[in-house]
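In what comes next, chain A is part of two complexes: it sits with chain B in the first one and with chain C in the second one.
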Partner chain A sequence: MYLQTTTLSETISGLLGLDGVIGDVVGGLVGAFLVANIMLIMTAFAGPWAKRKITAAFGDRIAVNRIGPFGLLTIVTDAVRLLSKELIVPEGVDRPAWDIAPMVIPFSALLGFAVIPMGNGIQLADPETGLAFAFAVASIASLGIVMTGYASNNKFSLIGALRAVAANIAYEIPLVITAASVVIFTGSLRMSEIVAVQAEPLVSVAGITIPTWFAFVNPFAFALFMVANLAEIGRNPFDIPEAPTEIVAGYQTEYSSAYFVLIYLGEFIHIFLGGALAATLFLGGPAGPFLPGFVWFVIKIWAFFLFTQWARSAVPRLRVDQFLDIGWKGMLVLSFANLVLTAIIVGVIA
Partner chain B sequence: MSDWIAIGAMGLVGVGIPLAMMTVSALLRPSVPEQGKSATYESGEVPTGTARVQFNIQYYMVALLFVVFDIETVLIFPWTVIYRSALEQGASLATVLVPMLLFIGVLVVGLVWAWRNGAVKWVKSPQANRRKTERQDA
Partner chain C sequence: MSLEEQQPDDDPAELEAAVSRGDELAELLGDLVIGREEHMNAPGLVVRPDEVQEALFKLRDEAGFDHLSCLTAQEYEDRYESIYHLTSFDDRTDEVSVVVPTSKDNPVSQSAEPVYRTADWHEREAYDLVGIQYEGHPDLRRILLPETWQGHPLGLDYDQERPQIATLREHANPLEKDQRAEQGNTMYVNIGPHHPATHGVLHVETVVDGEQVVDLNPDIGYLHRCEEQMCQQGTYRHQIMPYPDRWDYISAGLLNEWAYARAAEDLADIDVPEYAQIIRTLGAELCRIASHMIALGTFALDVYGDFTAIFMYAMRDREIVQNILEDLTGQRMMFNYFRLGGVVWDLPEPREEFFEKIRDFLDGLPEALEEYHDMITSNEILQARTVGTGVLPPEVAKSYGATGPVARGSGIDYDLRRDDSYGYYDELDWDVVVEDGCDNFSRLLVRMREVEESAKIIQQCVDLLEDWPEDERNIQSNVPRTLKPDEDTEIYRAVEGAKGELGIYIRADGTDKPARFKIRSPCFSNLQTLPEMSEGEYIPDMIASLGSLDIVLGEVDR
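Up next, the complex of A and B:
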């Protein structure tokens, strides 16, 4: 099964009436700028505003309600405040690694969004290896974190970066193997096909058709994927790379001003990328009743964001050795069991 | 091909946005160098030594294991892509599933071996163990 879908870059080059390589380049650049700005706007809401509101609501407090309606203008003031802060360059930092690292972290997460189908034809590119590409570029962020940790010349940063690497190597394999169990159903790594397969009806109950979202077909894989995802994006109970009560702020301890904004931004885009991957693989991508696809996509990734913030407020942090034990002795074994079982069940039914 | 051009364009935008923010910030922000401001943070104390030290990362063996499993996932992905269509075209389970089960089986044996030999165990440093016994003695 191969569906010919139109990607966002092709739509834009078609609208502009450009053909060939020039059309591809212009369409790609405009499309990429649009997609990146969609994510920047969401991050602007999530970082300075929604995160504080949600955390305050969990703690039965009131937060950010001073500036603008519902405190929404806090986003503007915070952006100006953070960008106009003095950049303090600590002694003995390893430049230019210290300056490049804040660019690598958002770069990695933004690049992942190039292949995510957001509904209503908003998908920048749809290569045949989409899923593998998304996982590959999402891992580049670890490189940025190692650069921050080593270049900062700070012991807390170093420990934070090493912990981030430990987290990444322990939970990357369960994450990818669980995704592979979905690929057994779809038979394709192309994102648009993974979404299309999930549009088929699973069962019909009282006139309501439940689609074959893989969260319904294989809830066990969905649970595994969510846990591994939380660890990959470094949120509670797996927030050991930052662990404010243990190692100050981990790898970002020495960063201030725009550099800090970029690292923070990269982390939030990464959370949304995790949500987007979970939505695409397990929740039918942008599919949903009544509302347009893009709205459903936004609802799904914000639901994932809310889930991470809920975990952040409600779940205590694991110790670093427990964290690695769960990864290597629990998640790895379970994810391989899931893959083998899925393969056997699909093989017996098919 | 247009897909990869679009992805390359996303790469450019992904570098351009951080650069733009750094530039805007460089135009806006003040620079007030003061003594002591640029010291690295060490809970308010004067920093001792550098952070470029030898450090027990605790997961060297695990990192080796990771390389093995990572290559394994690379081999598993093509198999998952063709698995279902191969079955639908009439290939038997013995030819499609059993070789992969054997392959995963070999790796599981490797993991069990590593587990039993303590490769995935968090080893406390001798100093930490000593401190713990001292606390218990006191």
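Up next, the complex of A and C:
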């Protein structure tokens, strides 16, 4: 059972021997620091190194291999390179919106990790509305994107931002509705409970017990969730907001140096958050045999990352109108059908 | 230039046929013809500058000349001259040149744009570089040079030493057009010249309504390198051949070289040994495969987005072709392999190894193409993106002078390798690929299937070369050290380049350098169809259409 009794911040304040308000504050801050750094380290691997290696593997190339073992020190050189570049502020940008946006985007995604159970007692907070919180904060990124698009004083940025908002509205609803079908099973929005329910055995085949991961219970919902998730994080076939060959780089066209890094960071953390939500809702969270829970959690979100890069390498991009058609006429209908069917089935069985 | 003076060294029977066809057409036009000329490729009919449209309408509607292949403008000591090189999509060997002289002090000629829409850009170029004004032209602006340029560089009195001074104020304007007054609730977007999907320095002035293209105007000339002028300053025998490699530089070098070789060889009556023709055919088709691979990869890039596997796969397979071409010519891009009268050297030794390399490539090709079909043409999203978008109806394509895979993707059965055969093509067994979908998908399919046809040709060439007797390997005929074609001989000859009909017009003036060297670039004409294909469509489809046209700015701008 992975049902959390204590959260990470409580564990920390307990270890430090603090209690009361001071304990909450110190535990929360140190815990948040740890969790954020875990995610940032993973992003550091994903962005400059893993992404290159993965896309290279799909395209029969080798990619970075000069600096360090397997080219791993590229991460360091890339960090130095990106941060030492000049921050170009174009004429006529709308400050401070233009400056705030690159901070909004990564931090909204980081906030989502506060409620994700990562196994081995790493969960920052476990509110009753955990799932709703994760979706809510992840959506703040859209606000950041609108700010980038509007403030950049660039037409490509504006088109990109409008596309991003259109995409978000069209795909956020199916995403949340599909997640709601999981809530019907669990009867709770609390993340730890969603994970706990999935630990129960579904069937036993030849001595191997298959747990009730909702990906097994309702594969249709899982597929829907993955598709909507791809749209949510803007990867092929849904990379409409960036669409490099059409609108240059979309909403991030005018950003350079540290701001560019922040926006990119936001994108990768978003991918990981998407992976974390998929893992928590459908793949039993940190559950898995032999290895510690946290390792399984990392494996699952990296698998999701791999999936997004695979899609990016192999699947063509949809046109913006086709993309919205699929969202409103396909995904929305299917996700509601899924919700109603799940409700009926659960109602009949229970 | 008149008929009496001219003694073209051509096949007498062919010449006679041309003359009689000329008589026939002169009769058709009646009083419109005020004189006759004889070009080596076609009869020339001289027409008054204010009767151009009437003459061209008649030739188009009553004599079947539906293809304005090229427009050459030039300046003589006593007059300006525009030559409309007309031919037919159904019968490429049926050619006629409509010659329109205009006076020096008032170089105004009637525009052919209402007859052939392709004349739009061709006449703008003629105005830009030579200085002839076309009356009734819808938009007679400079096209290759900046708006602020002073003088017309291919005119006789142009002073090359004079510096061109254009103030920043004059340059700042084009990028800041305010469209609100004229277009209503629309947005003006500059796509390019620095944009990930314009395949070079193309600037597309786009007016969008939301995401839909309302108006679109390709602005070219950023890569203009005065290729025509440079060729006019080089000697026929040695100095011109390196230039064609720089037109369509996406590995189509040998195809371009052939365009010059064909025109110059016909002009100077040079024979090419059969063995050299086979080597040329082999090399040209290798180039075509390499070029189509790039077209395929970059089109996928435009539709898929960055970092796609298919682009790398296409590059990987093109790399093999590049290695073969490197073995053959010693170069990977700027081959400079053809010579007038043949090629520069024989196949690399050991020949068996070279043939083996080509055979290996050909053996692996069907599998590679199968992979492309799996990843591209059978992908449903790609079909949703490309089928029915960027539609170019055959009549429009013909009017714009579209050729090559663009025309064949619109169901026009037109390929110079077959219709006006040269080299060794008519001895070999291959087919012209035609798709009649008229959309982006058809153009993609045409290229993929043409790769198969090229492979067939290469296969046959390799078989022939392998069995060629060792003492008959003649790679070059005897060509004089200095070539001086007779004065006032004029020729227009085209070959099937990777992107379409690549034509060269040469007028000799008795020296060892051409008096006028005009390049008919297929990309130039094909790019003109972009507004037709894109207006009313979404930006992504415009980008896809641009990709499917497969333009190379080096060839568009020359």
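Methods note: the second predicted complex is superposed on the first by the 346 of 350 C-alpha atoms of A that agree within 3 Å, B and C clash if a C-alpha of one lies under 4 Å from a C-alpha of the other, contacts with A are read in each partner's own complex, and residues count from 1 in each chain.
Just so we're on the same page, a contact is a pair of C-beta atoms (placed from the backbone, for glycine too) under 8 Å apart; a residue touches a chain by one contact, two chains touch by 3 or more.
This one's a predicted model, so the numbers in the text were calculated from it and none came from an experiment.
Asker: Does chain A have more residues touched by chain B or by chain C?
Answerer: On the superposition, B touches more of the residues of chain A.
Asker: Regarding the shared-chain residue A:Ala314, is it in contact with chain B (first), chain C (second), both, or neither?
Answerer: A:Ala314: touches chain C, not chain B.
Asker: Who does A:Thr77 touch here: chain B (first), chain C (second), both, or neither?
Answerer: So A:Thr77 meets neither chain B nor chain C here.
Asker: Which partner does A:Val248 reach: the first (chain B), the second (chain C), both, or neither?
Answerer: Touch partners of A:Val248: chain B and chain C.
Asker: Just to be sure I read the superposition right, which of the two partners does A:Phe156 touch: chain B = first, chain C = second, or both, or neither?
Answerer: In the superposition, A:Phe156 touches chain B and chain C alike.
Asker: After lining up the shared chain so the two structures overlap, which partner does A:Asp239 touch, if you call chain B first and chain C second: first, second, both or neither?
Answerer: second
Asker: Counting only touches as set out at the top, which of chain B and chain C does A:Thr212 meet: first, second, both, neither?
Answerer: In the superposition, A:Thr212 touches no partner, neither chain B nor chain C.
Asker: Could you tell me if A:Ile344 is touching chain B, chain C, both of them or neither one (first, second, both, neither)?
Answerer: First partner only, chain B.
Asker: In the overlay, answer first, second, both or neither for which of chain B and chain C A:Thr11 touches.
Answerer: In the superposed model, A:Thr11 contacts neither chain B nor chain C.
Asker: On the A-aligned overlay, A:Leu110 touches which partner chain: chain B = first, chain C = second, or both, or neither?
Answerer: first
Asker: Please identify the positions on chain A that touch both chain B and chain C, taking each partner from its own complex.
Answerer: After superposing on chain A, chain A residues 155-156, 248, 320-321 contact both chain B and chain C.
Asker: Chain C touches which residues of chain A in the complex?
Answerer: 55, 58-61, 155-156, 159, 236-237, 239, 242-248, 312-322
Asker: List the residues on chain C that touch chain A in their complex, please.
Answerer: Touch list, chain C to chain A: 187, 189, 195-197, 211, 300-309, 311-313, 316, 375, 379, 381-382, 384-385, 538-541, 543.
Asker: Within their complex, state which residues of chain B touch chain A.
Answerer: Its residues touching chain A are 1-15, 17-19, 21-22, 24-26, 28-32, 37-43, 50-52, 55, 57-59, 62-63, 65-66, 69-70, 73, 76-77, 80-85, 87-88, 93, 96-97, 100-101, 104, 108, 111, 115, 120, 122.
Asker: Given the complex with chain B, which residues does chain A contribute to the contact?
Answerer: 7-10, 21, 24-25, 27-29, 31-33, 35-36, 40, 83-92, 102-103, 106-108, 110-111, 113-115, 124-127, 132-133, 150, 152-158, 162, 165-166, 169-170, 172-173, 176-177, 180-181, 183-185, 187-189, 248, 253-254, 257-259, 261-262, 320-321, 324-325, 328-329, 332-333, 336, 339-340, 343-344, 346-348, 350
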